[in-house]
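In structure tokens below, several structures.
Consider the two complexes below, in which subunit A is the common component and subunit B and subunit C are the respective partners.
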Partner chain A sequence: MIQRDEQLPVGDERGSAPPDGRPLAAQPKWRRDFPIDWPHDEWVSRREFTRFLVLTSGALAVGQLWIAAKSLLGASAPAAPELQVAKVDELPVGRARTFHYPAGSPPRILVRTAAGFVAYDQQCTHLLCPVIPAVEQGRLYCPCHEGWFDLETGRPLAGPPQRPLPKIRLKVVEGRVFATGIEEQAR
Partner chain B sequence: MSERPRFVRAQRMTIVNGILLVVAVIIVLQLWLLTATMNAWLGGDARIVWPAALASLGCLALNLGLLRYLYRLE
Partner chain C sequence: MAVPERFEFFVDPGRCIGCEACMQACTECDTHRGQSMIQLDFVDRTGSPQTVPIVCMHCEAPTCAEVCPADAIKRTADGVVQAARKPRCIACNNCVLACPFGVPKMNTGMHLMMKCDMCYDRTSVGLKPMCASVCPSQALAWGTREEMLRLRPNARPVNAFQFGLQTIRTRVNLMVPLDARAEMLDVTSAIHEPTIGRDVMEDVFVEGLPEGMA
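Right, the complex of A and B next:
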């Protein structure tokens, strides 16, 4: 049982005053029946809350390490093998087709412009809607939320997308178009 | 003769409140760091991933030190 002097002021070292600061005699019956060392109770509860916050801090640090580990694993992933995605003859200037590179991946889009071939991930970097080539305007268009990308670089030009479209590296050999890799920025 | 405590109760409450505030600010910083790192990493910029992870671990170490100090106050 805690010894207390009912006339002690709040926070006095020798006793314990309830949170409202009134003497024990003025407290409701339940407080008089079950007296608590209030300052100590407050001290323990705040200390334990601090401990909980430190656990949260640990979780955030683990999340940060997870990103770093994923970044390492992603960097060491083997490059996908080359894959023929079209023949030069079958795709006139201004036309496009989709393909999967590497096999089983989300669809990519191959566009033939006056300058040559370009290929990107077909999914908009905003909410994954398929983008449509607008070759005459030199852009790729996402109809879902009016997003626009530059056809030559994949850079976002307008609308909600903030990140560029992942670009597929291409090479043309003997009239055939090959996908040779995905640019670093696409990871 | 019993050893006199280093801090009276009122002082300890001030200390725990102060430490609680500092820990909360550090956690907000860590949350911002995680969000910014995730955004940069998904955007293809992996340069800041490891420095950010080390900074977050530093924040955790600081928080653990403060918590240890709190437990040693009793």
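Right, the complex of A and C next:
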């Protein structure tokens, strides 16, 4: 009898004997690529391939649904509590200051224009550089890539940014400025 | 699921009575329903009624799989050479021509090679192959080696064959008389070649060859 056990690695299944009797490891590459033995063959049946397609597409679909559900739930999340960010007296017209709302957030920028107070996320929607108020021109300016935003609405006017700056809702009560919420503005 | 190693197939041509029950039972096998994979050969049809049932011998180095250009014929870990995988078989007929025992059959309608797979749906769950379950003389027998040696003290199993320069070792055993000294059986000696050419001429012209033919 041919010693089958010596022709295969330890712990392997019983394998067929190549005609020249040499072990599988000593066989040419084509024979190792196309083994006669079923356990050595990387056989993918039509059913296995279909199962792979169905399961991966299903996983992608579930992921999409999860992202959609998460964004829907995030939109209805309770707003952060109101926070006093400045007093009217300490900020003259044309000046600005940063604040954090809610606490621990990325910096927001509060600008006092002739018309009143406006506040936005300070991070440019292009690559998160801090924007600089240009109150005389009625704009916000991002120096990194020459991006411009409208100071009244936060809409991008020029440069790389495509999305408007998130706007912070404000309320002025008895000489004090409160932040009351964040508007994720549509494009 | 795999065919247990201890169960072996024993073919004893000396017991074959030519009843063709195995061929009929083979058509009932679920892996190739309706088609018999067994061929009943006459050893010498003119001189003897002796028949030999031919089932797949399940070689250790299956020639059919060696010659398959489409990598369609596979041998499972239990040593059973399976019929061609349908998605791969290209119906090229190489295996049919190459098999030393003449086992594979080409189903031209299905473009698929079909062969005896030892009734894999049955033997892998502990049942006998269809043919062995019906053979009245047990020329086709399924069981353990110890059982066979106990039941047939005058025969011994041989699983080595010579085909030209090729030595073939098989999972299926052929029973030979106990006193036969051959360690290998020559497959070609069982191939019956009808006399052709000069032999025919000599038969026809009993009186001697006509002039110009000698």
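Definition applied: the second predicted complex is superposed on the first by the 123 of 187 C-alpha atoms of A that agree within 3 Å, B and C clash if a C-alpha of one lies under 4 Å from a C-alpha of the other, contacts with A are read in each partner's own complex, and residues count from 1 in each chain.
Definition applied: contacts are C-beta pairs under 8 Å (C-beta built on N, C-alpha and C of every residue); 3 or more make two chains touch, one makes a residue touch a chain.
None of these values were measured; they are calculated from a predicted model.
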{"item": "First (subunit B), second (subunit C), both or neither touched by A:71", "value": "first"}
{"item": "First, second, both or neither for A:38, with subunit B first and subunit C second", "value": "second"}
{"item": "Which of subunit B and subunit C A:93 touches, first, second, both or neither", "value": "neither"}
{"item": "Subunit A residues touched - subunit C or subunit B, whichever exceeds", "value": "B"}
{"item": "Which superposed partner A:46 touches (first subunit B, second subunit C, both, neither)", "value": "both"}
{"item": "Touching partner for A:63 - first (subunit B), second (subunit C), both, neither", "value": "first"}
{"item": "Partner chain in contact with A:163 - subunit B first, subunit C second, else both or neither", "value": "first"}
{"item": "Contact residues of subunit A, present in both the subunit B and the subunit C interface", "value": "13, 39, 43, 46"}
{"item": "Partner subunit A, residues of subunit C touching it in the complex", "value": "60-62, 65-66, 71, 73-79, 82, 85, 87, 166, 169"}
{"item": "Touching residues (chain side subunit A, partner subunit B) in the complex", "value": "11, 13, 39-40, 42-43, 46-47, 49-51, 53-54, 56-58, 60-61, 63-65, 67-68, 70-71, 74-75, 162-164, 184-187"}
{"item": "Residue ranges of subunit A touching subunit C (in the complex, touch as defined)", "value": "1-2, 4, 13-14, 16-19, 34, 36-39, 41, 43, 45-46"}
{"item": "Residues of subunit B defined as touching subunit A within the complex", "value": "8-10, 12-13, 16-17, 19-20, 23-24, 26-27, 30-31, 33-34, 37-38, 41-44, 46, 49-50, 52-53, 56-57, 59-60, 63-64, 66-67, 70-71"}
